[in-house]
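Take a look at the structures listed below.
In what follows, chain A forms one complex with chain B and a second complex with chain C.
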Partner chain A sequence: MNRIPIGVYIPGNSILHRLDARAKLLCLIALTAALIYANSLPGYGIMAALTAILVALSGLKLKAACAPVKQVLPFFAVIFLMNALFNDQGQALWSWWIFNLSPAGMAAGAKVVLKLILLMILFNILMSTTAPMKITAALVSLLRPLGYIRIPVSDLALMISVALQFIPTLMEETEMIRKAQTARGARFESPRLKEKAESIMPLVIPIFISAFKRADELALAMEARGYRGGGQQIKKAAGPLGKSDFAAMLFAAAICWLQIFAL
Partner chain B sequence: MSQVKKAIITAVCMALCVVLPLAFHAVPNAGSIYLPMHIPVLLCGLICGWGYGLACGVVGPLLSNLLTGMPPAAVLPAMLVELAVYGIAAGLCISLIRTGKLYADLYISLIAAMLTGRIVAGIARALIFAPGTMTAAAWATSYFVTGLPGIIIQLALLPSIVFALEKARLIPARYPGASGSQ
Partner chain C sequence: MPIVVENVSYTYAPGTAFETAALSGVSLTVEDGEFIGIMGRTGCGKTTLIQLIAGLLRPSSGRILLDGKDINAKGYRRDELREKVGLLFQFPECQLFETTVERDVAFGLKYLPLSAGEKEERVRWALEAAGFSFESIRNQSPLGLSGGEKRRVAIAGVLAAKPRILILDEPVASLDSVGRRDFMKLIRRLHRNGTTIIMISHDADILGEYAQRILVLDKGKLRLAAPVKEIFKDIARMEALNLDVSRPRKIAHMLLKKGISFPQDITGYGELLGAIKKLKEGCLIS
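This part shows the complex of A and B:
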């Protein structure tokens, strides 16, 4: 399932590492909106080029930046094929039974897959260049307005931050459990649905037990250090945003505007 | 259970909303058949209560969409509503239902939550996300027929997971001292 874990902070001193976490989160939101609205060849080109530039600016190796994409390649293949083979628009290049391979379908599939790939890389860049504590503090700052409707913002930010840190660990453990159960005879790769379904129980229950053990240990450790919830211990991101943060946010907003209104 | 532990369990369930669908990847279209993301949300609601279940139901699919592209953006809003209702309903039901037997409480709460979530999601799709295209037959097919293996897996798996977690003392026992009735 994985070799390079996704969402792990990689320390560094690149421009993106130095940007404020709040600015990076807001930029990610703007660029996600831009990606969703991208619907033309220049639009896709701009987003792809921008992602490539961000990878270069982050100082990450291309392999590390694209690691999450590799893990879900089969999913992308299914999405592409479903679009390519079941699209009725345009002239078919090849038809058989219910399948209808058309250029319009292939283009639609390629667009969806490209959007997903770019989105994953952008999110991975954010996670790889921002320390978990900074993400938590930034979330507390950005979610603060929700506090007015009595949503416990600090607790929510803590949960999101802890969840992001748990993902790589749980992925590794899932892979280990999967291998162990395969060695015991589980048929995950079997083409038969019944065998696959039967193999799920011995996979899922150990994953949950293992995950809850980790949760128990972490909760104990936090309580032992005096954390009692309610969010008083989590500070919001300190200090005003710098010029480079504002410049990055303006640039992301401009890209978003361009995709929605101009392209 | 302390507030800190509930928060951390919710965080783990959010993370499992990302990890479990990846574990089911070998099967094409596994998301709509096995419904792997429903399991941690329902479990979070059952163990931590409706508020935490709601948080898990909203944040889990959002994180998964950002990290893995699943569920796709087109179905994300409807799924957010469905999973949020699962989390709330599971939490509310388990807090209101006390039959004296763990498995009875769990099954009643689960079935009630699964039905409520599907009904609300169907209404949301019919009125908001896909107005005019949602029929009763389409609702039944997409929420009950396609996901039937997932429903069976959830009903078989979730009570077993809660029981295993209680037995491992990772969550407090619902009926301390009861053993034969479990």
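This part shows the complex of A and C:
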């Protein structure tokens, strides 16, 4: 109820909104690499600070920027526990059967979870500050070289953009079906696990049906409007990159270099 | 006991870029056994209002009382609300999921304290009320039915729980004329048996024929709440809100404009016919 939409483009006019989508994608790739290589306290500090600065620059509200993290919190808890309990390096604080709680394991778990949280926020910033069509255009532009080895780049880009655009629609529909089933007696709100589990099928089946139906209708509509697949080019991302785009990419590359070689 | 909505406001996605006030300061009372029609343009907050009444959304401010109890209070039993209030969404055919029609209709009865025999009896009653022959439909897959049939199965799924208050969101939209007539006959029968009906519709003819009272929403505010005759009487006021009045009402108005003394409190076809008959007999010619 009353959920903040996640991964949805929020129009705005911040520095991040104005950057070119291609530059933003490349920056995200560089920062992802940096995040994966980060392995020291200053390294983590830099990445966390950077993410915080980007959130501030994007003009997103903190709650909106962190919304996707909140939704997968249980998943993160599982990851943390797996790392904390099954690490057999270092001294164990507590041991039972196959479980082995150690400070080293806890540290490893915390590191993984921190990396994932920062990664999710970074992706969310990209999605929130860039219109889906621009992301697609940027993907096509960046992947164009693959066209020479006969990979259908524009079709792939179209698939990605359709998938991205349907996320909010499907989420809205899920919400509506959840309400409809609740109104006729499904117990999503029940604290009992059994009743909660029983409520999943009435939700999943209608969503699948409707997603397939939508896909069918969209395919027909696209064909009716002359889409034949293959070879058709989606419009190029507008114009050459600007100074700020290069500055952003340079900065991201520097961070990446720093994490891999210096820290 | 009635439904009381007290100064209710609802804001969608507060604190984000999508923040919008869907309803502001709505107060109303629905008496037991009433037939209420809700009119308003797309996006005026109709669906939000009924979802609040059905307890699917929580008001941002204000209270909603059912039988004197605040449905959003901490200790309130939600199951009680679900048992009393049935809600049929727009395009309810999307909610079907079971392998057979019988099981789908019985879904809402799962947690009710009824014996297996009673449950089957309810399902039979609901499907027959929705115009099916129970024996021939019970084992069919709901997903293989036609659009109109699917909708009737979905309606049976809501009726099976025997709600005392039935809320309907555009139930006749995209039904054909026979489907509409059958559906409204069913609703009228339920209403006569004491069920409170709250129905959103763009169809002024249907509301003029069946509803007792009309609520008009505009941009999240309750603009008008009065008996249907009063609402439809003032055609200019409805036009100012970009809403239609029923065709019988328009015909009565046209006759008056042509200089024929004709009663102006007509909203349905039955009344229109009656008045024309009287006119023919000369009772109204002065």
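As a convention for this text, the second predicted complex is superposed on the first by the 214 of 263 C-alpha atoms of A that agree within 3 Å, B and C clash if a C-alpha of one lies under 4 Å from a C-alpha of the other, contacts with A are read in each partner's own complex, and residues count from 1 in each chain.
One rule holds in what follows: a residue touches a chain if its C-beta (ideal position, glycine included) is under 8 Å from a C-beta of that chain, and two chains touch if they have at least 3 such contacts.
None of these values were measured; they are calculated from a predicted model.
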Partner chain in contact with A:L93 - chain B first, chain C second, else both or neither: neither
Which superposed partner A:R214 touches (first chain B, second chain C, both, neither): first
Chain A residues touched by each partner, larger count belonging to chain B or chain C: B
Chain B versus chain C as contact partner of A:A49, first or second or both or neither: neither
Which superposed partner A:K61 touches (first chain B, second chain C, both, neither): second
First (chain B), second (chain C), both or neither touched by A:I205: both
Which of chain B and chain C A:I36 touches, first, second, both or neither: first
Which of chain B and chain C A:G185 touches, first, second, both or neither: second
Partner chain(s) touched by A:E223 [first = chain B, second = chain C, both, neither]: first
Shared chain A surface residues [contacts with chain B and with chain C]: 1, 189, 201, 205, 209
Contacting residues of chain A [partner chain C, same complex]: 1-5, 10-12, 61, 63-64, 173, 176-177, 179-187, 189, 195, 198, 201-202, 205-206, 209-210
Complex contacts: residues of chain A adjacent to chain B: 1, 6-7, 32, 36, 68, 71-72, 74-76, 78-79, 112, 115-117, 119-120, 123-124, 155-156, 158-164, 166-167, 170-171, 174, 178, 188-189, 193, 196-197, 200-201, 203-205, 207-209, 211-216, 218-219, 222-223, 227-230
Footprint of chain A on chain C - complex, ascending: 12-18, 51, 54, 56-58, 78, 82, 85-87, 89, 92, 94-97, 107-112, 143, 157-158, 161
Complex interface listing, chain B residues touching chain A: 2-5, 7-12, 14-16, 18-20, 22-29, 34, 39, 43, 55, 59, 63, 66-70, 72-73, 149, 153, 156-157, 160-161, 164-165, 168, 170-171
